[in-house]
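Here it is: the structure, laid out below.
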């Protein structure tokens, strides 16, 4: 029999930990049945998770590649696959395949630079793997600023990790904001784009954006108003995907396939593409 | 020794207000009917979307029977009149497509007619047993 | 090159069918040509081309990818792939031969699609030069020569004789199998026919259609053109054009719960369908115009962009004759390319 | 050949356009050849003169386009409707799919439409031009010196051979003379199938439906299929499959589709016209129409606005389902 490896056939993954992050976001820890990491990945890459009979969906890998023991996925409940994932119990097997997509250029374009991460809501998920990667190799990068906003305090993802670990790191500044005032919140209140403007960052750095489309749009404007060039700004896209390997034909923006040529795009590359994302 | 080993799978959609109670009564009176009949309780026979019938066949049913209140006795006044029209057209279409017409049936069975329920089921099961397995409206993927 | 008289074709088919499944264009009961598995009595038809290309012999409309069994919290993945049987397709026209090259670019690029690759490895293609192109043919627009159909074996039918020319090792092996029916022939014997076809192609109504204005690097120029709105106005949003197209390869992956397990299968999908790009929180191609544009931009711009200028259309003309509202790639090209 | 000339239609439309009574014109647009005609919205007289056609290939039923084209815009839209199209128009109005005030219906008498597939069966591929004469079509091809002359009745489409009505059931203005409702033989083919044995029927439909490629053209062209979200596009319906995975799925799709339009189908025949696989889909719809006529009394969907579909109606002495299927055998 001459049967090749088949990219569409997944591996089994076991959910060994479920963390409730916010009312609608949970973080799942996934390993293979023998307790190993399913595969190695780079920051920003994605994986296809599926529950047979329910469907398959693409999620960004939240954990850092430097974590050699397991992978984590922060997933917001918004469709049938995610709903099912949210209802599952510890020890449940799912299927996993990947890694897919082009990672952030952490070892090339980012290296030696100061970094500014801007995230909104569950948009922190793909950035968390980059942030933790950069924290792990702290000496390779300059200053790290993290602006993170969500609807309310309860909706802030990884709050504990952010406050207890990231904020205490040397040369890492964390700026949190929520949309509306709230009791027991003494931090900043307001939308992310405005906050970015207020913070008036130097433009000697690379900005990495992720969040809802509307947030990305206005933050991009804000950054450009601060003098950032589109070449300094990276973001990730999300479109409907089925195969993950650039064949099923639906996640394209112009000639680029998000699953293969993305999901990470530099904003100047992105503005070359037709406005269909 | 029995020659015909075939045991049909029958799906019976039974109206909550009549036939389902009729089935209960049949049970209480110890009137037997084959265990191959799987009863699905519906609030009214008109709850049975034609899709349900097709789906039952897909999932392996050899016969589908819908039981409701006698015309005029519907708990909701007119539900079974609609059932009657819908199923007439559906059965006629299935017949037109070459699906054996004996595989589908509608019977009106009241809550008091335990005996009728049992005899209807016995009759239906024996007809389907004679007819054999449902081959024309099966989904091979659903076979074990 | 070898030749044999047309009367022998059934014998040749019988010989080939001894060792492999053979598919030939034959008329169905509605008198429409379809690739039919040959058995004694299956007659080769002389229609210009089949209703649907040979695409589904390599990329079937529906195929199972794998199966799952789940119990408690455990999942078992069952690899249901089977080695494909050897098969031969006879009578593939030049456009359809080219369409397989286009499908190869998608399915055989890394990571290669093993389902497609397996069938590709086991399938031998015998092409057939066109003798009576249809008014809807425009393969020459994409540089395809119907007189040189290519593939494993090229075949010409001239008067009462078939001429078979092996182009690959697999083709040569096949010719050896039918050796006792054939006599050697000279390539010069088909020259006249090739000439005749080339001249004929120039007389076709769409012969002057050009790809000017399309291809690599034209994305931004064409994307915002206002003509898309008018062009897509009549489109019904059905999938006819994509399903009869020999190069359309978009697919969907779906799970079917059988009641005692799950089958994950894939099936043809169409970018014309409203839910093609729909996801839990939105759809980036919400209107018919956007979906219509996607199909033609993909064939005429995006595909060449990713494949060194190779267009994703082979000019077979099927969408022209099959579209319920007669809107097709030719009308799009004429409108946007400016070659009226 | 059509008795009303193209010029007459253009003149009528131009007058209404120029006088501002209508905003645009929904008609048929010329294609690459003489037979590939596309429904189109014309907004100027020039466009009409350049591209409008009215000939034996204007089979497309334009009434469904009114659902989308009358939305969100002011003014009236002129629509040309053949007799059979007017039934669809009424049925759409019955179902409140658009506003009657937005449409200006010009009724066009129809002599029957030609079926290009039938023509190609005779002439073969390579048609270079088609000339329309009184009783014949004169077809020039790339491969024949002389044009091939074909009598109309040989190439008239099936639905026109069995035309049910030459009468327009609704219009604002009529061109030419109106016709009558006809005694048609449209149920003959259904009866032929009914007379087959159960096995033969099964074989027949298996052969037809197995060709289905699930392109959805029948659904998308159908003037009765105007649901905003079709059951086949709804992942929660359980029937959202894009491919006919096996013969069960094929039957399921076509039964559901025919059933969904039962009592609403006007028998316009568009489904069979557009089917790329030439499946006689109208025979499924006609079966329902025939059954409805037999069981519940004559009913022609779209005959009048506001008619109650037999499937949302009943009488207390309707036929029993078991009896209905058995009756045919006796």
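Chains here go by letter, A, B, C and D, matching the order in which they are written, and residues are numbered from 1 within each.
Methods note: contacts are C-beta pairs under 8 Å (C-beta built on N, C-alpha and C of every residue); 3 or more make two chains touch, one makes a residue touch a chain.
Since the structure is predicted, the reported quantities are computational estimates derived from the model, not experimental observations.
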B-D against B-C, pair bridged by the larger set of C-beta contacts: B-D
Central subunit by CA centre of mass proxy: C
Centre-of-Cα separation between subunit D and subunit A, whole angstrom: 51
Whole-Å separation of chain centres (CA-atom averages), subunit B against subunit D: 37
Distance from subunit C to subunit B - Cα centre to Cα centre, in angstrom: 47
CA centroid of subunit C to CA centroid of subunit D, Å: 30
Where subunit C touches two or more other chains, by residue: 252, 254, 256, 269
Multi-chain contact residues (two or more partners), subunit B: 139, 141
Residues of subunit A touching at least two other chains: 80
All pairs of touching chains, each written as two labels joined by a dash: A-C, B-C, B-D, C-D
Interface residues, subunit C side, partner subunit B - complex: 256, 258-260, 263
Interface residues, subunit D side, partner subunit B - complex: 193-194, 198-206, 238-239, 245-246, 248-249, 251-252, 255-256, 258-259, 262, 284, 287-288, 291-292, 295-296, 310-316, 318-322, 324-326, 328
Complex contacts: residues of subunit B adjacent to subunit D: 50-51, 54-55, 57-58, 71-72, 78, 81-82, 84-101, 104-106, 136-141
Footprint of subunit D on subunit C - complex, ascending: 28-32, 47-48, 51-52, 61-62, 132-136, 200, 203-206, 233-234, 236-240, 242-244, 252, 254, 256, 265, 267-270, 273-275, 320, 322, 324-328, 330-331
Residue ranges of subunit A touching subunit C (in the complex, touch as defined): 1-12, 52-56, 78-80, 82, 89, 91-95, 238-240, 242-243, 245-255, 272-274, 276-277
